[in-house]
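In the two complexes below, chain A is the common chain; its partner is chain B in one and chain C in the other.
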Partner chain A sequence: MIAYLLNLATLATVFGILAASLNLLIGYAGIFSIAHAVFFGIGAYTGAQLAILFIPDVLLACLAGGVLAGALSLCLALPALRVRGEYFVAASLGLQMMAVTLFSEAHSLTGGHGGLVGIPMPTLFGIDISEPATFLVFCLLVLGGVLLAIRMLMRGSFGRALMAIRDSESAAEAFGKDVPRLKTLAVGLGCTLAGVAGALFAFYMAFVNVESFTLEQSILVMAMVIIGGTATLAGPLVGVLLLLLLPAALSFLPFIPPTQIGAVQQLIYGGAMTLLMIFRPAGLAGQSTGRR
Partner chain B sequence: MLDRRSLLATTLAAGAASLAAPRILRAQEGAYVVGTLFPMAGPNAEYGTIFTNGIQLAAEHLRAEGMLKRPVEIRAQDSLATPQGGAVGMTKLANVDKASYVMLGFTGVSKAAAPIGTRSKVMMINGGGVGPDLANLSPYFWNVIPLVNQEVQVLLPWLKQQNLSRIALIYVDDPLGNGILQQLKDGLPGAGGSLVGSFSIPPATQQFAAIAARVRDTRPDAVYFASYGAQQAQIIKQLRDNGVSQQILTYSAGSIPSVVGLPESDGLVFTSQASDWSAPDPLTQRFVTDWRARYNSDPTSYNQNYYNAMRLFGLLAQGLEKADKPVTGENLREELLRVRRFPMVGGEGSFEDQGTMSMPMQINRIQGGSFQKIA
Partner chain C sequence: MTDLPLSVRGLNKKFGGLTAVQDVDLDLQAGICTALVGPNGAGKTTIFNLITGNIPPDAGEVLVNGKPVRGMVPHRIARMGVARSFQDLRLFGRMSVRDNVLAAIEHSAWLWQPGGGAARRAREAAVDAALDRTGLTALADARAADLAYAERKFLSMARILATGGRIWLLDEPASGLDPHSRARFVSLVRSAVADGVTICLIEHNLDIVTELATRIAFLDRGAKLAEGEPQAILRDPELIGIYFGERRT
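On to the complex of A and B.
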């Protein structure tokens, strides 16, 4: 049981980093991206290839995954500068579709649909950290660092400027904010953190393929942020816990026959989510717009 | 009206329930726990049900025969057909349910579950995926289904015999599809044929009109498609709708009800492991008779595979009981390596070092909503 809980906690921590990084875009900058799984994937493939070909150092993998995802985030930032609202959602959807095709076709980099297998156990400065508890501690430290960085940034002028853009882009521009630069920075930072989460995910799974970076994954992460509560530090974490732990808890229900387990779980899960959105439209940890 | 605290309390209660539940769910005293890790919801749920039905029938037969000294308890996990779902499900089966033997399917799920099962020394059995990359996955990972290269080898002589020399291939661009592409490229010249066109498709695509037009242009004698899931029926239907009237060929995935029951599938030929339901051996006869009585239809190859997977557990555990050894994943593997050959529905299955199994094969034709062996 302990191993299972450690496993779930590690997965929740990795998705906590991912959701927090998307919250930076959606919650603070008002950039509704449904291509976040792409940058999660770039980080995962980068981390996996680094571990397979060179060294399975998790810190190096996180750095490499983050840097590459951040650099490639320009693919998302460029349309973000030109369009807003639902038009940006459509643009990010296009990027998501294109990236899935690239992940599937770039066999030498991603292994295609077969994916990358045999990712070595993670080390840190040559020390083996593959024990589930040790790896969880490392992931928690990364999550802590990410949350601290977001908190500091959002309380400073950068965060206030982002929130001003979110609330009214025209007004922010009229007050002299450099909107294109701020948006590019927000997208770059969010995608870098998604890349870090991806590298950790690759070590956690010891296998990556395109099925983990599809549109469904992007939507799941977005649901985590929205259900938890946007523009709050705790919101994405609450969303992650709910969306990952509720299905896990439902799998313990003893009265469901094996052939019906999926359908019953989905019904309960869907019902719970609907009720939640009715009673807490701003998300579990979210505040009303006026109090934010 | 619910407030934030009560909702948070609900969330915490769900977490607490997951902690407390193992006590409620403690395995029936002394039972052997075996796990299943299949998609049980969503577009691939059809497979989960097909696989599980075969396992349940085999478990009933084990019980009725009194084959084992202890009862067998089946614990199911929904893999969602995703690697992530596979990893979480496998961790629970290995660490919470303490399953020593887990039956799974789908390549992504298998690859994500294999490292976890290997670390926990859980015997993993695939009876669904046939991609060549499922060989040599782990010392604890075994296939009770011949992989696709064996299926193509069986088809080649039949193509020659039928004078079907110009073959066009539509394949999903994954290890399964690429495996079939390679087998056809290598094997067709030797059988007096040639691959006149090969068209790769993404796994989620549902529109094939353009592909059908390009296939028609190659003027093939037959069209082989290598796909799976809901996509299969769409390929067949749209090929026929777009004027491709040539012989359609596929591998064992063609045996699922959504393909067999499709009117456009009439005449479709697919390979599978031997599943001659009129074979006189008592094992096959009992399986077929009880299946027909319960489901009022013939079983599919997948029902057969997972029946065999569950039966294999019975045979291995029986061997361990006789040797007075505990039924653990490690011992089950040792027993399999010691015996190697097992009587199964469809014929004798022989396990090889790569984690693969060879078995008699056959060629089937779909006609009027069911399929018959033709070679």
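On to the complex of A and C.
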């Protein structure tokens, strides 16, 4: 039971980083990307390869995964600069689909459908941190750092500029905001953090394959952010806890046959999102302003 | 002539087959309020959009302080001191009143602003002053989207005030205001003019135009039909006929 809980807590922490990073895009910058799992995946593959080929240092893996995901985020920044709203959603969907194909076909880099197996135990400066509790503590520290950084940036001028662009791009421009640059920065930062989460995920799973980086994953993370509450610090975490604990809780309910859990889960997610958007559009942790 | 704050030469813009702006020349004299008057669809807002770089002109040029701004992106033109309001306000709706104004004056597109604490305090002082002059101090923490109509209009003025920009383009800033708010608005613009700000005001209410404008440019169907002192323009029966005639249809 303890092992199970540690496991769940680690997964929630990794997804907490991932959801917080997507919140940067969706909540603050108004960039509705449904390709976030791509950058999670890039971080995971990078971290995994680094560990397999060179050294399983988790800090190094996070750095490498973050840097590569951040660099490749230009693929997402380019459409984000040219189109908005539903057009960007479609463009990011295209990117997501392309990436899944590349992940499954680029055998030498990603191991194809089989994925990368045998990722060594994580170390930190040569010290083994593969013990579940130790690894959880490390993940929590990363999450804490990420949340602190996001909080500082979003309460400062960078956050205000992003929110201004989100609320009215033309007015932001008229008040001297370099919109392309700010958006590129936001996308770069959000995707870098997704890459960091990916690297941690690779060590957590000890193997990675394309199944974890599909459109469904992107949608799940987006659901976490939206249900929890966009543009708040706590929102994404609330969303993660809810959407990760829900399946766990459901599996304890005796009257749902195990084979149906997936379907029940989907119904609950879908229903919750629809109802929430109607009655509490700012999300669970968002300030309730009521309907005007 | 090059030291005019803003001048527009031979400006043309077509949207598909529709000529929105045709051969418009316009000079804003320093430190006065120039009104753009004309019926709906005359091309007034389009002229603002051409000046601020939001849309590219088909022909013609815009000079800010004598410098051509052709091909410049809007945020560069804004940083030359050109501040504008929008007919539909375009406030930063989910942000607080204070953050709306603060965001309007933080220009650095980096993770933080240069200049450290001193610069930050100067910005905060500018925000406080702008909120004070627009009567929004008590609402500083309210969400922009939750403000009442007149308050939103004043917030859009506060954003401009705080920038310290010397050229203001105001697109129907007083439309729909109650008489009391309108009087406050007029005194706000008057004190800006007294401070030497150059203003171009789009306004349908001819009383406000008479109160504020030193010059009027009259537009119809994209073309400038006349320009001059308010008395001359507003007493021209032909122009007034176009203005009220077209507005009724």
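Basically, the second predicted complex is superposed on the first by the 260 of 292 C-alpha atoms of A that agree within 3 Å, B and C clash if a C-alpha of one lies under 4 Å from a C-alpha of the other, contacts with A are read in each partner's own complex, and residues count from 1 in each chain.
The rule is short, and it goes like this: a contact is a pair of C-beta atoms (placed from the backbone, for glycine too) under 8 Å apart; a residue touches a chain by one contact, two chains touch by 3 or more.
Nothing here was measured: the structure is a model prediction, and the numbers come from that model.
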Touching A:Thr101, do we find chain B (first), chain C (second), both, or neither?
first
Which superposed partner A:Met205 touches (first chain B, second chain C, both, neither)
first
Once the structures are superposed on A, label A:Gln266 by its partner contacts, choosing first (chain B), second (chain C), both or neither.
first
Touching partner for A:Ala248 - first (chain B), second (chain C), both, neither
first
Chain B or chain C: which reaches more residues on chain A?
B
A:Gly156 contacts which: chain B (first), chain C (second), both, neither?
second
Could you say whether A:Gly112 touches chain B, chain C, both of them, or neither, answering first, second, both or neither?
first
Chain A - residues contacting chain C, complex:
153, 156-158, 160-161, 163-164, 166-168, 170-179, 181-182, 185, 231, 289, 292
What does chain A use to touch chain B in their complex?
1-5, 7-8, 11, 101, 104-105, 112-115, 117, 204-209, 211-212, 238, 241-242, 245-246, 248-249, 251-252, 254, 258-263, 265-266, 276, 279-280, 284-285
Considering the complex alone, what residue numbers of chain B touch chain A?
1-2, 4, 7-8, 11, 14-15, 17-19, 21-22, 24-25, 36, 39-42, 45, 48-49, 52-53, 56, 74, 76-78, 80-84, 87-89, 91-92, 94-96, 107-108, 111-112, 114-115, 120, 131, 133, 137, 172-175, 178, 202-203
Can you name the residues of chain C that touch chain A in the complex?
52, 54, 73-75, 78-79, 83-84, 86, 90-95, 99-100, 102-113, 143, 145-146, 159, 163
